[in-house]
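Take a look at the structures listed below.
Shared between the two complexes below is chain A, which pairs with chain B and chain C, respectively.
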Partner chain A sequence: MTKTDSILAGLTEDELDTLVSIAIRRAEILDETQSPGANDAWSEVVVYEERLAALTRPDDVPGGVARVGAVTAALAAGRRSDASRLASRYLAEEAFPSERREAIQRAFQEDQARLAQRFPALAKTGRLAELAVWRASTSTHLHVFPRAA
Partner chain B sequence: METVAFYSYKGGVGRTLLVANTAQFLAMAGRRVVALDLDLEAPGLHQKLANPSALRAEPGELRGAVDALLEALEGEPRKQSLQQIAIEIALPAGTGGSLLLIPAGSAPSHAYWAALERLNGSLRSNPRNGGLPEAILELQAQIAEKFAPDLLLIDSHPGITELGGLATSILADRVVCLTTTAPESVEGTRVVAEALRSAPRLSSQQPLRIDFLVTRVMPGWLASNVSRLLEDLGDSVAVLPHNDAANEASALSSWAEWGWAWEGLGAGAELRLLPTTLRWVTESFPVRNQDPD
Partner chain C sequence: MHPRLRGHPTDYARFGALALQRAGHDSPVRAGVRHGAEENTADLEWHAQDPTLLQVLDGNRITEDGAEAVALAYASSSAGWVMKRRLQRSESADWLLHNDERWLALEVSGVTTGDPWARLEDKKRQVAHCSLAAERLAVVVAFERPDILADSP
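Right, the complex of A and B next:
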């Protein structure tokens, strides 16, 4: 267990709710000001949301919100491998409601659309979507170039 | 478009010169070639390919891959199109092919290092806008779209770097790995090749082809031992000898370092190639027959 994990394990759901609300607001403000710290702020949101997801049922409202929140925050932080990993985990839960599944899929679609606007020639080749799959595979692969993904 | 990345674990193996000479040879043989310098920390392909007087004309103003990557990542309007960045390399009259160079940028200059630092900063600070994989594949897609070349030859960064990893994995259809017979070079090449063989590919890509070149082999050296160490890890291994006579010429012109030389650049130029190098190039890159008869 990492130090972060052990600290999070000692927090209640209410405490995590408070922390995640503050973290989201902070990340939004940093986003609005285009601060380089926004990525770290969204990463902090991922930590709380992921822990909340672990404490809650997928078919509860808080559980659904936390799962969608973890994935969207990971995308907002630019951590697409983590977003894919989390999405795979949550989508594998049978009790996860369809509207939450759609919200996760929508988040990925919006991310892809944003990238397609920035990388139009690549988008035309169809390889943007392939990159998402590639990233997910490199996260579990002992690559000699670990930073490449 | 076939993308071939030239890679070496160590520097000083003749990689950049081989890219330059392969590009020129294939263009002269009728193929449409784009040479891309992705050795961003120590670029040199423009020195090997472009006319030195043209490079000197506007110091610090030469634009290249760093600028294109930066603009893609930062979403800035392009100051210059890729067509304006690419430098057309003059070939002898009657040559059927074409050769375009996309340099790394205006290196060595303060403007270049500043742009490179900005690129690194942009990658660290805003991953949401996409990372180096997107940016580098965008550049490759633009090259295919704008120039429709037969071949994209990449001078890749040596050693273990993020960009080198991308150039040799998801960017490349084929990797030419150069090594000398030095143990550290061979061992590093083996480790990288093993990793490349098992590295994930994009789903639309074919398995990566890996060709080894053992270079700068002096007469009497047992290059066959090195070949045996590499042959199981790739699709081919070739040994290229060091050429003393050519080296003498390289003191005057770096063109001759590999034993290839222009005689009167751009004016009925003729390539002189070491037979083994010529054989390797022609076998590795089959040239179309230009003569219908």
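Right, the complex of A and C next:
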């Protein structure tokens, strides 16, 4: 268990609700200003959403919000492989409601649409998948390519 | 002020106060309330803030966060809704609130001047897209008069 994990494990759901609320607002503001810090801010949201997902039931409203939130925040942070990993984990939960499953599918579709808007030439020629290869090589150097995702 | 917002790093009480002061109001001020077809009033009170802050803080943030302060306080005081957490934009609502076993998705907006009714219709349409198993409410705070407009889609 990392130090971050042990700190998170000591937080209550109420405390995490407060932290995730602050983190989402900060990430949105950084996004609006096109700040390079936005990716890190969304990564912080992922940490809180994942922990909230672990503390809550998949069929509860807060549990459903946290699970979808972890996936959408990972996508917003440009961490698409993490988003896929989280989505697989949550979609495997039998009690996860169909509406929430659709919300996760929608998040991936919207992410693809965002990418297509950002890289119209690649989208037009059906080469958006190449971005995944490029991302894999740059994702370990986000300090160099903060908006690479 | 909504009880869960006390101590929140985003100083909602301050932003709410500044938005009302910027519109020329002094505490307390009586706001008109229109919730669906029902008309009412609400007295808004706040601690006076240093007006020089208006010159250094972002005007849009004052409006947005000020509206959230007023809307959350209204939802809490009028129907006992308690704030749970902020929602990401993909949920088509700003806040998740609860009241016993009930859930509410709340979408909030603020306007400084002009007709707030069109904004309320926009926000109703937006929150109608929220797919959570929750009731839905849109609130628009018009700071000029001031008015609190609320309705469900």
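Convention: the second predicted complex is superposed on the first by the 117 of 149 C-alpha atoms of A that agree within 3 Å, B and C clash if a C-alpha of one lies under 4 Å from a C-alpha of the other, contacts with A are read in each partner's own complex, and residues count from 1 in each chain.
One rule holds in what follows: a residue touches a chain if its C-beta (ideal position, glycine included) is under 8 Å from a C-beta of that chain, and two chains touch if they have at least 3 such contacts.
Please read all numbers here as calculations on a predicted model, not as lab measurements.
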item	value
Chain B versus chain C as contact partner of A:E102, first or second or both or neither	second
First (chain B), second (chain C), both or neither touched by A:V133	first
Dominant contact partner of chain A by residue count, chain C or chain B	B
Which of chain B and chain C A:P36 touches, first, second, both or neither	first
First (chain B), second (chain C), both or neither touched by A:A73	second
First (chain B), second (chain C), both or neither touched by A:V61	second
Which superposed partner A:A121 touches (first chain B, second chain C, both, neither)	first
Which superposed partner A:S84 touches (first chain B, second chain C, both, neither)	neither
Residue ranges of chain B touching chain A (in the complex, touch as defined)	72-73, 75, 125-135, 137-138, 141-142, 144-145, 160-162, 164-166, 168-170, 191-192, 194-196, 198-204
Of chain A, residues touching chain B in the complex	36, 39, 75-79, 114-115, 118-122, 124-128, 130-131, 133-135, 137-138, 141-145, 147-149
List of chain C residues in touch with chain A within their complex	4, 8-10, 61, 84-91, 96, 98, 103, 131-134
Contacting residues of chain A [partner chain C, same complex]	17-18, 20-22, 24-25, 28-29, 45, 61-62, 64-65, 68-69, 72-73, 97, 99, 102-103, 106-107, 110
